[in-house]
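In the two complexes that follow, chain A is the common piece, with chain B as its partner first and chain C second.
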Partner chain A sequence: MTQELKLVFAGSMGAGKTTAIRAISEIEPITTEVQNTDFVEFDKEETTVAMDYGELTLQGGEKLRLYGTPGQMRFQFMWPILASGALGAVLLIDNSRPDPLADLELYLEAFRSLADAGAAVVGVGRMDRCPQPSLEDYAERLAQLDIVVPVMPADVRRRDDVLDILEVLFQQIEATNDVSQNAVSE
Partner chain B sequence: MVGEAITYSLRGVDEKEEFLLNSMIERIARRLDRPVMCGPIESAHIIFFDGPTPERHKPSSRLVRLIRNGDAQRALGTVRIPPHVTELQSVFSDFLGEKSHAQTDCSLVKRLAGSIYDLCKLRGDPHALVDGAGRGLILYPGERQFSWSGQEEDMPIADFFRPRGLLDFNLRPLADGAPSEIGARRGIEPVLWHMGLAHAQCGLLSWVSADNILKLRVWPYLATQGPRASTRLATLLRAQPRSVTALVATADVPEQDVIAFVNAALLCGFLAGETRSDARVAPSPPIAQEDMAMPVRAAAFSGVFGAIRNALRMRT
Partner chain C sequence: MNVRAIPQELEAAFDREIKQLHARVAGVIGCVLATTDGRRVAAVVDNEADPQRVSAMVGSIVALGETIGREVMIGQTQFVAVSAVSGMILLQRVPAKRDLLVVGTLARHNTNLGTLLHETGIAAAAVGIVFDEWLKSANTASGATEHRGVEAAGRPPLADS
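Then we have the complex of A and B:
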């Protein structure tokens, strides 16, 4: 029987979720983009209203499913549905947004159980154009929230940056699993 | 005060040569300020040998090749057989000289790191950190900031510490005629991070032992500035507080890299010491009941990440 394996890409509108999925999906991502009518929230022609979907075939035929959550707040109810049963989550923050640290808090709150279990990583985009807040500011805010989660700069247009994020995510999940398994065997 | 004994070992010599060498070394030892003893190769500071190069059980052991052809040109790090007193003497005096130099340097380095750590912890007054070439940083521990001083162009902090590690630096209160501040103030963490890395040549910070349990408090966002295994070490510590000894055993990373990472992360405050009883408490925060399936599920898929890495042709 083929089991479902999935990764979730979450983040604000325009943070690059569709781009990140496109960087690693073996199929052209299936997107549900429509004309953006929310120009107050974000100045972008099209946006994802339901989700993005990509996939990757693993050895043995298993599929890794890649889901991108809708960025608009009115679709927030879909986030836990997409996150349910996920191996991990990549939280993409757009540093050019008005308050990226508030975005960070919002997404960490939504994906807190994954973050606490060591199965989430934060990628900060557009730091070249908007260097503030700095990674130090992110680290400080995370410390205030009492969450230790990897935070790293990422330009998701570059496939290597997406792979770097995933590598940190995988290393974290593996390290956490090793500890859990050792605890069970003891 | 008599210091720690210098131990030596002999390999590939016959009985007569052994007797000669031992007798001469015993006489040389009378003029040294440290006792000298013949001992097993595993613990020897100096290993005299002929034939195949013996394995060094201590990385700091010195190997001295014995040259049997009396006419041969003696190379650095060799001693002729039959032994010459002056050659043997220079082996021991060089060893003592270097050891004493190294100890002096490391004590300076440890003191400097300790002073800066205390300044930051106590939010002390501004200080100037100036190197032998007159280049300097101005540290504002109260604000956890720094800036460049004097005429020095802004440059990567790593280059500031690279030439001689932490040697030749002078830390003094800013009021004592220190050069004026130039450039914008920035967060002090990169200075502390690179100081920690440079300190690795002298081992762990003086207030930490290899058995102290360390907990990751903040993700080390400077990890990309080295050492290479920093991210892996951080993920291991994120999963569970560990000692340096345990980290070396688990991570399969050179001890020197682990020490460098730990020093840097401790100075920055990314890591903190933890008591053993704290470390025995659950390694991860509690997971909500509805999410309980998630880690179990991930454990069941152990090996899946290797498959994903293969599919994406990721370099691990």
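Then we have the complex of A and C:
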């Protein structure tokens, strides 16, 4: 039987969750995008209001089920629903937003159990146009929060960038599991 | 439409329709008019439910209902209903030229579903007429191009799609 793994993509509105899933999904993604009516939050034509869904088969045959969350705070009720049973989380931060480090804190807190388990990775977008905060700033903030997750720049329109994020996420999960197993056996 | 900048007269007219729906159907304990992206436009709720949270959920559930309808190829979704032990909620899109609004009606469990559906449909149609008339007058008054100035520069227009 094919093993199925669930991953969740979270982050602020416009960070690229739908785009990231679309970039790597081998099926036409299921989306719940509707016309955006809040241009104060983000100047974007459409926004996800429930979830995105895509699928990707790994080289080993495991099937990844990819779930995207709606980004706005008012849809926070959807986040734990979609994160339930997830192996890991990809947190996408848009560096062009007013306070990306506050966004980082918000989504890390929301997906804290996955982050604490070492099952999360942070992808920072639009760093080419908005280089600040830097990756060092992100690392510093994570250290203050006592959270150890990888942070990497990403252009989620590019399939390879999204696959790189997933590769780092799986390495992180594997490394954390190894450490846990060693701790148990010692 | 930027819901944070709905003109007062339009908001008042929406509010009137929602209050009328709430008042005319026995057993109805709440009515919400929300945007399809989950923002509260008008609401009357008798219990402790938070209208803003309910509005967000209305947007999500309608989108999910319509998505699953498409996925299983049963055609366009007409309404979404949630039936619970102590009540039910019925969600119906507002039929208007711009597909931006949803009416949600919360009722006690002993309310007749057919009546609720009929009355929610009437309210949705009335809201649609109000919205269409306002869109028409707004576009006539200012012209599609000029109307783009209603919101901050670069934002999509309020009235023309």
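Just so it is clear, the second predicted complex is superposed on the first by the 170 of 186 C-alpha atoms of A that agree within 3 Å, B and C clash if a C-alpha of one lies under 4 Å from a C-alpha of the other, contacts with A are read in each partner's own complex, and residues count from 1 in each chain.
Criterion: a contact is a pair of C-beta atoms (placed from the backbone, for glycine too) under 8 Å apart; a residue touches a chain by one contact, two chains touch by 3 or more.
All values reported here derive from a predicted model rather than from experimental measurement.
In the superposition on chain A, A:51 makes contact with chain C only, not with chain B. In the superposition on chain A, contact is made by A:118 with chain B only, not with chain C. Shared-chain residue A:168: touches chain B; no touch with chain C. Contacts of A:130 after superposition on the shared chain: neither chain B nor chain C is touched.
Using the contact criterion defined above for the overlaid structures, shared-chain residue A:30 touches chain C, although it does not reach chain B. Judged by the touch definition given at the top, the superposed model places A:77 against chain C, while chain B stays out of reach.
Judged by the touch definition given at the top, the superposed model places A:145 against neither chain B nor chain C.
In the overlay built on the shared chain, the residue A:101 is in contact with neither chain B nor chain C. Taken together, the two structures place no residue of chain A in contact with chain B in one case and with chain C in the other.
Against chain A, in their complex, chain C makes its touches with residues 1-4, 35-39, 52-53, 55-57, 59-61, 63-64, 67, 71, 99-100, 151-152, 154-156.
Of all residues in chain A, those touching chain B in their complex are 3, 5, 24, 56-60, 62, 64, 85-87, 113-114, 116-119, 134-136, 138-140, 142-143, 148-152, 163, 166-168, 170-181, 183. If you check the complex, the residues on chain A that touch chain C are 30-32, 34-40, 43, 45, 47, 49-51, 70, 72, 74-75, 77-78.
In the complex of the two chains, the chain B residues touching chain A come out as 187, 189, 216-219, 221, 224, 231-232, 234-236, 238-240, 270, 283-288, 291, 293-295, 297-299, 301-302, 304-305, 307-312, 314, 316.
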